[in-house]
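Look for subunit A in each of the two complexes below; its partner is subunit B in the first and subunit C in the second.
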Partner chain A sequence: MSPQPQAAVGAPLSRVDGRLKVTGKALYAAEHDVDGAVHAVIVDAGIGRGRITGIDTRSAETHPGVLKVIHHRNAPKLPYRDNSGSNNPEGRRLRVFQDDRVRFHGQPVAVVVATTLEAAQHGASLVKVRYDAEQPSTDLTKAEPDRPTNYARGDAEAALRSATVRLDLTYRTARNHHNPMEPHATIARWDGGKLTVWDKTQWVVGTQTELAAVFGLETDAVRVISPFVGGGFGTSLRCWPHVVVAALAARETKRPVKLVLSRKQMYLGTGFRPSYEYRLRLGSDRRGRLSAAVHDLDAETSSYEKFTESILAAGQMLYSMPNVSQAYRTVPLDLPTPLYMRGPGFQTASFVIESAMDELAHKLGVDPIELRRRNEPNEDESSGLPFSTRRLRECYTVGAREFGWHRRAPRPRSTREGDWLIGRGMAAGVYDTARMPAQARARLDADGTALVEAAATDMGPGTYTSQTQVAADALGLTVRSVTFRLGDSLYPPTPPHGGSMTMASVGSATLDACNNVRRQAINMAVEDRESPLYGVAADDVVVRGGRLHVKNDPTRGETYRRLLARNDRTHLEADGSFAPPSGPERHSFYGYNATFAEVAVDATLGLVRVRRVLGVYDAGRIISPKLADSQALGGMVGGIGTALLERTVTDHRDGRIVNANLADYLVPVNADVPDLKAIYLDGEDREADPLGVKGLGELVMIGVAPAIANAVFNATGRRVRELPITAEALL
Partner chain B sequence: MSDELPQCEVSPPTGSSESSPAPSRRGFIATSTVLGGAVVAGGVIGGPSLLGPEEASAADALPSSRVSLTVNGTRRTVTVDNRTSLLDLLREHFGLTGSKKGCNAGACGACTVLVDGRRVNSCLTLAVRLEGVEVTTIEGLADGDQLHPLQQAFIDEDAFQCGYCTPGQILSGVGCIQEGHTGSPEEIREWMSGNICRCGCYVKIVRAVHSTAGRK
Partner chain C sequence: MHPFTYTRVSDTGEAVNAGHRGGRYIAGGTTLVDLMRETVEHPESLVDISGLPLREVTVTERGGLRIGALVTMAEAAAHPKVRTLYPVISEALELSASAQLRNMATVGGNIMQRTRCTYFRDVTAACNKREPGSGCAALHGFNRSHAILGTSESCVATHPSDAAVAFAALEAQVHLLGPGGGRRIPFADFLLRPGNTPDREQALRRGELITAVEIPALPRPLKSGYLKVRDRQSYEFALTSAAVALHLRGGLIREAKVAVGGVGTVPWKLPAVEQHLLGERPSESLWEAAAAKATAGTRPLEHNRFKVELLRRTVERQLRIVGGTK
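So, the complex of A and B:
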């Protein structure tokens, strides 16, 4: 724990960048004023699989304003060096305009560069591409899977055979697209052999290394700038082909190029949560003590990369049972490659496991919370490690009380209000507490203000604000005196802004950098004969409001400003870093939640309306409560979408996505969202990281979809094992 | 929100009479197409252009029109490519990037601005049909350093995360308050449902609109 008073951390502050965002002055990727930038629009493949046999660009090239059309027949060969350590999955990444193959419907096949956006858009529509089309394979249930990834402990099949109670359940989840409100966008500019991109990215370092690898450059020759990201949810964790297209177009036209994907193109190669077919068999005794679980799951991936995610962990550690076997098969399809989407893996696994637990509870006539309590493990049974913190029981208790769980009628379809069937359901949630190495640097200026920098990102959770809070307390400054800068690859490197690891990783690096600066100042003071702090033990000095003083004697001290002025110092600065302890983990690190939902289902029409959602979280220390509350409510909204609305539909005849827009791919709107409530359990995780945080962004979404699905069952007596739950399924 | 967009109350630049009292989205697109065609027939009118020489030569070669409109209190007369939407005019030509492009199809509301005081999806509004109108964007909402009460309420309620939908939400909220659709949280939810917030800040957006409406 920091010796410093904690004034900013834990305070419900408003966003430090709020004013920029409500006045339209926050600049997102496409909005940077890059002199002389021209516009690029990508031409998408019109077949789902095959070869390009001809490209006619004459009409496009003669369209007024069009500068160039680039495609595989005139594009230079690009080095495409290997880029290990990136978010590129196993396989061979899509190489733009390097061959005539079409690997999925909508793959970039050409780009039109023009002096105006209108000309580029129109020019793209004039490019005529001829194909030799083949039948694409896009149906998860009909294609050949890869060899499975397996996990086993005990003998699950044997235990299942001898179990008193057995369930054999198959669930399906739809493909979901991230759909942040800001489309992907890149502005690329070459200055000689150096490339600068303003990009929508959740990882400036990842985009930097990928562009360096693709173009065969030194990493330092690429600079990536991304001060504001209009939502990500995972889609910007990888440097996608369109970023390469923008950079290539800029190099070929010798002009800065701005390339913004259309909403439709957001479905054509910027990742998605893969669809799953997931069979789960459970065995238990009559009291509901689990003895075995057998998981068999198939998930979409592309034909050229094998995308996997943490789908197996929850099934290994959420509940106590001696026998588990899992087989996870990816199924290569003629689709673009999936990518992590909010709560990756755990979100889907939690829907399956928590739905199945609800089915078991119903079958046994045991309360769903009681069933979960009976299967609460004392340690992580996948590793034998103790939990750093696991307060799931407390989440159940607080949640049941706040939600009024005792008022739930256990018998389905027994509560009715007019046309509406009312149901209540709950689910547990779990998400990995991820941490990765990160760096930051801090500078304290002679005027008593500080600047802290890290190559982090803020896609919405409030990195600017929470890092400022951490820095302010560590430096002993007010929040107003601290500026935190992020989103530039020139700043110290950080891990991806995903997996809920930013606070733990970047936050701990910020803490370290600011602690180092504060200690420099304290050491300077206690060694300075003219300082009132001369001779005091450094450990006895704290800083508050920019003033150093003896911990137990606030009258004895001086300000940073006086100290630095007297010592003729313009500033003090220091680097900071964080890395998880090396060697094997000594604890099992997860965040937990209990999520409760109440729904009303129209008995005749099957329409499902969510009435309220409550989440109770064991997420460690909360740095920024106001923003954490928003994040939790947002996770619930995302969960409502997954549960009831979101589904990317492919026409398997030609591999085309038929609802690649926001009118047909439904996401929750204001009228879909009732009162939502989030409760964070007080506390911290001292083992996880120096800040005691466990990560929020993923955890708050996990558990929402199964809680809603279980509430729908409680309302109607109909068990829907497919997401989204639509009216048709309930008719 | 799209069902009550007032596009057809905006005077078209030519004498078209395609307006109907309550246009559907489909009807609106058809109307726009007809208007676009009418302007194309009118040919190049000329006038001062915001375009650089290269862009201007491209624009000259294409059907373009002169249009005068007031944006955030400043009268602007420009020659625009007839295909240019109000949103692209604001973002790409006027440098007013506070209005956001989320879907470019009228489905998300990120581009919402006020045209003659009424909220519209600027991505679905062709610039050339806006002769004489007054446009208010997020950049024109504050009074100097004094934020509009709804801007302040968005900060106070933390009614946004990534901030990308926020300008559209705020202008839509201003319209919603002016229209008087703020009698209850339920009413606000309905009348703010044309603006998608993917971060899921709806509860707080409703609070911000409700509290601001209550202060009026």
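So, the complex of A and C:
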């Protein structure tokens, strides 16, 4: 078929669902009006490890409005079939109310169901649980790690010993929680043996299969609905125990049950970015050509599941060097299981590697960008594959120019404005271009409007809008004529809404479905004697504004509406799909960035204030520039949080999280968000997917924290190897 | 949240009677409701005093300022008299909480607000303030935000108010109305150090109601200001803070009022720093020498050792900002 004109893709559209959101009509998980719904509140374990020895529910049960208290002594045994999908890591998932074990502080130990939220909350506070408490182990540095995952090429230890320049650096990163605005929430309703849940999820299919596995149901017996998600950052990529609790409570009380986690509970078992202790040793020659890197890293996981993430890839492929060795050890602790958080793995690796590169540049007296250029690989040295696209050099060039890098004083602590020391730093960023199989369905109606459906999610990046743009161009319709629906497991399945793969995967399926519909219409027209397009080669027809016409003769054509009316068709419909090529990859697929930051550090009070951040992205094609900016700026804000503010604190004495609230777990507020700017290198990655996109949502956060840390060093001469960087490190 | 009764009162006598019967006063509710939700507080009866006529800011006969207990933080901060006579109060208020909270919270409630100690706010943790005799989880727990001054083995929690630091510095008086009539007490006596009874936080008698905070007249011109040091730039409690007011005549400091926040179990007045400044001529070395006296008696904990040095630097910085240098 002839390529369609691209009118919608690339246009800086506002969100198509923006009006719904600002008028409060976009329904989030807890807001669905499900007839007869009652309320459930979870009782959290008050110890960090041990056994429940007694549970007194009498005063809760007699509280007016309380319907039932469910706990391990009265809960039915649930099948908990194996389910390797649903983002369940290796291990044995937490089975709610199935035994008396407490595996982490705050684990659900009971649920109170009541006719009102207030009664359920009060009822939960009346449940008295007795424990046989054991000493929990929650300190990453004081526990026994699992056997490592290893990678090696060359002989890194030997190369390190013979290197002219050596660095031996240990970095620590704090545990971070996702902290989306919308809390986790589930409404569950049983209709006979069928379960419907309205859930905050980044993957309706994952929640569907997990609930089916837990309750021993056919997948089709579970329907998951999630049209809007108020921020996710990864926390909703897995069906967590509270979703099971809601469904269980609904089954036990024979009523629809609504369960909303409190803000505090958002820290107690819905995933987090694990804390790392990461030792990196680098060897180079005097000019900074790297010869070896040895990575030794320990990361938190739970006692019952082994969570791992893509922490190793960047160390294998970002810079050219013959010798690399890596040992990645998870450390089982009495904590809930971590989960992917924006830029998983790469974000942490980037902080370490890019801080270390800055240290090397300083040690050698080489400009940090020049050092990176000297180590730019020609191919992916972990696989020997060519890069699909890698335009990191251009990112450096454009970024340096736009940021005014030449004005940076290389010598630390040399720029001062009153009480403030000014510093500038940069970092490179890389993130995997992930794609997974996805499907979509498109229908063109006789009135010339179209409906496209996929079981996808929009947690904020603008899936509704960007998919509408892709569909509009593929169908030759205006954006207003296209409706995109998502967030229902009845729709064609899609992969998790995470890892920045939605645009590439779902977008390509949408494109395919819409191309198929357009093809049907064109074929119908060129075979229809009454059509002005009769006899024209199908390849010569394009559609624009709902009108099919000969590519080189716009006067010859007709509208979808006329075509369908004349042929007595109420609609045309087609499925579409996308799958990455099977078999071994022929290219190495990554998105890249160069991130620049300018900070001011109060020379005496130690306070760091970010003044500006610039990101330059090699992210392939940008479908929706305005929403891309929202993504990029949000990612930078997240990076500022990681660099300067965010850390979840555990009291190792009993395993409790000390700062499980938004007053004590600090995220940036508006006053902390300075001048932010995003630049996208114009281009596309045709090897990656039919749309030519590489994914953006993760990439934009990666590189921000090390750029800030490097700027802090440039400002103060103080190298802080622990995140977040707070006043006490700089006094 | 535990069940409770709720009554609105329309005059102070009615309020005090209800308070004497055990009712808890509620105005803006920005602290109390929050703590009720966490089940840290579980009053059986709430007495809503927000309708009482305690919303005036007036200049006293001697030229001081009387701020009604129900004046909101936002109103107090923006009041022209507050802003011109005691900018330190306006600044302390405006650096507190968020705009939404400042629109609801009152001056009386602000000085009554309870600590942000996370163990106090977590009903599953040991806390002598919440549950006398249960122990202090913060003492050997995560205590970065905790106090280094005025602590005891029973409690190391800070008083969270910024405005109270300004009031302490300016030697305000708290006007109270009780069943037996009215009285006023110096701010320094109003908030209590924890000692062995950290659950007792104010020198209030049963049923007593705060009606106003009065700032005494101070010699003019008075330069004053509030510095708040914190990790993020807004909406966070202080790591350290300093309220400073200085009166200079003939190039010499004739009056000096200094108190600090974020470091004490109560807003911490620094008489030794004030004494050091009196009669002296502003200079960098004076600020440095005076600030060195700020940290006397500090008792840091495991995670807040940095506060000792930060406190010294905060005081020095704020003396310089308010006093300038010649």
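In this text, the second predicted complex is superposed on the first by the 729 of 731 C-alpha atoms of A that agree within 3 Å, B and C clash if a C-alpha of one lies under 4 Å from a C-alpha of the other, contacts with A are read in each partner's own complex, and residues count from 1 in each chain.
FYI, a contact is a pair of C-beta atoms (placed from the backbone, for glycine too) under 8 Å apart; a residue touches a chain by one contact, two chains touch by 3 or more.
Keep in mind that this is a model prediction, so the values were computed, not measured.
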Partner chain in contact with A:Gly65 - subunit B first, subunit C second, else both or neither: first
Touching partner for A:Thr397 - first (subunit B), second (subunit C), both, neither: neither
First (subunit B), second (subunit C), both or neither touched by A:Ser414: neither
Residues of subunit A touched, compared between subunit B and subunit C (which is higher): B
Touching partner for A:Leu731 - first (subunit B), second (subunit C), both, neither: second
Touching partner for A:Glu118 - first (subunit B), second (subunit C), both, neither: both
First, second, both or neither for A:Val669, with subunit B first and subunit C second: both
Which superposed partner A:Asp651 touches (first subunit B, second subunit C, both, neither): second
Intersection of subunit A interface sets (partners subunit B, subunit C): 118, 121-122, 661, 663, 668-671
Touching residues (chain side subunit B, partner subunit A) in the complex: 51-52, 54-55, 57-59, 61-62, 81, 83-84, 88, 91-92, 95-105, 107-108, 110, 137-139, 141-142, 147, 151-152, 154-156, 158, 160-167, 170, 188-190, 192-206
Residues of subunit A defined as touching subunit B within the complex: 14-15, 17-28, 30-31, 33, 64-65, 114-119, 121-122, 179-183, 228-233, 260, 262-263, 459-462, 626-627, 629-631, 633-638, 661-663, 667-671, 673, 675-676
Partner subunit C, residues of subunit A touching it in the complex: 46, 118, 121-122, 125, 419, 604-607, 609, 644-645, 649, 651, 653, 656, 658-659, 661, 663-664, 666, 668-672, 726-728, 731
Residue numbers on subunit C that touch subunit A, as the complex places them: 1-3, 39, 116, 118-119, 121-122, 124-125, 137, 140-142, 145, 229, 231-237, 239, 305-306, 309-310, 313-314, 316-317
